[in-house]
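Notes follow the structure.
Letters A, B, C, D, E and F mark the chains in the order given here, with residues in each chain numbered from 1 onward.
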Amino acid sequence: MSILHTVNKSPFAHNTLFSCLKVCTERDGILLLEDGVFGTITSAPGADELQLLIQRGVKVFALINDIKARGLEEKLAPNIELIDYNTFVQLTLDHRCVQSWY
Amino acid sequence: MNKKMLLISRQAPYGKSTAREAIDIALAASVYDQDIGILFMDDGVFQLLKSQKSQNIDQKNISSILSALALYGIENIYVHQESLDARTIRTDELVVDDLQLLNNKDIGHLLNQQDQLLSF
Amino acid sequence: MGFILIMIFSLAVYAAPYSSQASHSAYQFALAALLQGHSVHRVFFYQDGVHNATNLAAPPQDEFNLQEAWQRLANDHKLDLVVCVAAALRRGILDEAEAKRYDKPSHNLASEFTISGLGQLVEAAVVSDRLISFG
Amino acid sequence: MGFILIMIFSLAVYAAPYSSQASHSAYQFALAALLQGHSVHRVFFYQDGVHNATNLAAPPQDEFNLQEAWQRLANDHKLDLVVCVAAALRRGILDEAEAKRYDKPSHNLASEFTISGLGQLVEAAVVSDRLISFG
Amino acid sequence: MNKKMLLISRQAPYGKSTAREAIDIALAASVYDQDIGILFMDDGVFQLLKSQKSQNIDQKNISSILSALALYGIENIYVHQESLDARTIRTDELVVDDLQLLNNKDIGHLLNQQDQLLSF
Amino acid sequence: MSILHTVNKSPFAHNTLFSCLKVCTERDGILLLEDGVFGTITSAPGADELQLLIQRGVKVFALINDIKARGLEEKLAPNIELIDYNTFVQLTLDHRCVQSWY
């Protein structure tokens, strides 16, 4: 029972993802949605930090419909799980509460 | 019923109405006798700066409202130390005296103690 | 199929429809939760989110009409859609009573929404298992 | 005092009042330009800027009312305040004619504003010495 | 009267409506026979990516609209090279073939040749 | 007759100012307004680049009312000229056109 962090801003334009990464604990999860899915690109700002957190046990997810809408399927960094809204709902129940980073 | 709630305020004052409208939620929660804390982080720490003269841009003074948080029984005021440092803001430049400075790890821990998070 | 534990959700929507994707995401989330059999105690619209409640939007026929979609969802699932009065008044979203009180020439709140105070957001946070914010 | 060269300005406003400071900045700029004796050919409201044109906003008495300020400025200086029709329809800002056309129960465009197409922004860019954007 | 105009589009598609509504201005300018160019920069270059499937989020496909710019007589399409590089986007991944890649200095020069700038 | 750049986003939160600095030529001017005035703080992201441009001849301005509203008078980096709306209007006439960076 930890925190689910959601990030909906592009890390190329906003510092939102970095703020999330700073306070994310090893038991938390991160969900990228809307323009936040630009953070799945291997060269995105924060991509290295994201992979480091994944290695430490943090689960990272991205909404598949937001990935597809933006044509990013071929550009994804490894170990990011693509999910739909049903799984998003389930994730909020698997965590104790949700912090939305705008 | 009582829940542990934390409002996380990360936006600068005045450029958008977010900072101002977030505070109103904290005040409402206190009126309803809920245990609410506020965490100021990122540009949100600018809200706490002294000597704001927002009448110059026809807006209400946010730091005045924040200086009254204690009157509303809102006692847990948290400030992200690294956000202050990045902006070269000292704690004696803030309108609130009684605050708790947190590092990144502290914040991760704080979030994990809450029942609900109100994110701004 | 096993059974699922029914949980109580509330959503807070802080962004305007069309201009931002966030309220569409909130709608998708509410829909998925309801279809899974969960309960949505309340959707609370605050800041620019109050524009989801207008009954005057007329987007092109071939575009998704989110305001209408909320109204349909409310009717199908008896959803409690609440608009913050202070945020709404500042942004020109009014029901008939507020229009009268402030002597305004018309009103534009869709009938599926009600106007109330921030206490309704606080109450939603208290009674719900999860409060999810979209902004 | 010497004399000043009168220049023609047009402004484009892309952000909502209150929610964003940008439309207040646009108002301050327009006011300063007019008081200097310059001409403001048009203020064009697009994207969330269309919310500047509502006649239903009722902010607290002790807060600045930007929607009213635009209306006053328009009356004092015969300003051409134009709202983009496509942006307005999607966001629930309608004049009487559009309300009728789309069979909507009311309308909310302040009488100092007119609804028109994007061509009015293009024309403003062409005939003005300076086009300044606020978003 | 004819003026040299440049529309500068810097926002990502879909998260906000800015990208979509900026394009409509370019189309309007072309309809009124104005000499308009478009510069894609920062997250704006994402608008040009192929294989967008925006029906998944109930939005119109922005890349389809952009691929039709030439039909509207909009010939001057500029793309910031550094913005592409930062996002590991190759020009063969874009929906527009006939574009001019610019570096920072080129853009500074381009802006200084315009009569009006439309900023998004 | 060059470009007046305006920046209205905080450089602590957005990459807007950096984009402006990249393409700003030595004959251009930069005006910080609204949350853009947080860029006047000596420790702000982009502050060093801004000073470098100033040394090369770029004029940098900030709206005084936005500075005062945010209580930043004591935190200003050097060589930034504080102006009012009258001067803002005049600046737009001193330059050939205005690029607004959001």
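Details
Note that in this section contacts are C-beta pairs under 8 Å (C-beta built on N, C-alpha and C of every residue); 3 or more make two chains touch, one makes a residue touch a chain.
Bear in mind the structure is a predicted one, so any value in this text is a computation, not a measurement.
By the document's definition of touch, common neighbours of subunit A and subunit E comprise C, F.
Least step count on the touch graph, subunit C to subunit D: 1. Look at the CA centroids: the one farthest from the centroid of subunit B belongs to E. Residue numbering at the subunit A/subunit F interface overlaps substantially, since over half of the positions present are found in both copies. Among the other chains, C has the CA centre that is most remote from the centre of subunit F.
Centroids of subunit D and subunit E (each the mean of its C-alpha atoms) stand 26 Å apart.
Computed from the mean C-alpha positions, the centre of subunit A lies at a distance of 33 Å from the centre of subunit F.
Separation between the centroids of subunit A and subunit D, computed from CA atoms only, is 39 Å.
Annotation for subunit C: residues 18-19, 21, 47, 63, 130-131, 133, 135 touch two or more other chains. Each of residues 14-17, 42, 57, 59, 116-117, 119-120 in subunit E touches at least two other chains.
Across the assembly, subunit F contributes residues 8, 12-13, 15, 34-35, 97-98, 100, 102 that each touch 2 or more other chains.
Interfaces, counted as pairs of touching chains, are A-B, A-C, A-E, A-F, B-C, B-D, B-F, C-D, C-E, D-E, D-F, E-F.
Within the complex formed with subunit C, the residues of subunit D that make contact are 16, 18-19, 47-48, 51, 54-60, 63, 67, 89-94, 98-99, 102, 104-108.
Those residues of subunit F that touch subunit A in the shared complex are 12-16. Those residues of subunit C that touch subunit E in the complex are listed here as 18-21, 24, 62-64. Touching subunit F in their complex are the following residues of subunit B: 11-16, 42-43, 46, 49-54, 56-57, 59, 63, 86-88.
Those residues of subunit F whose C-beta lies close enough to touch subunit D in the complex are 8, 33-35, 84-86, 88-89, 92-93, 97-98, 100, 102.
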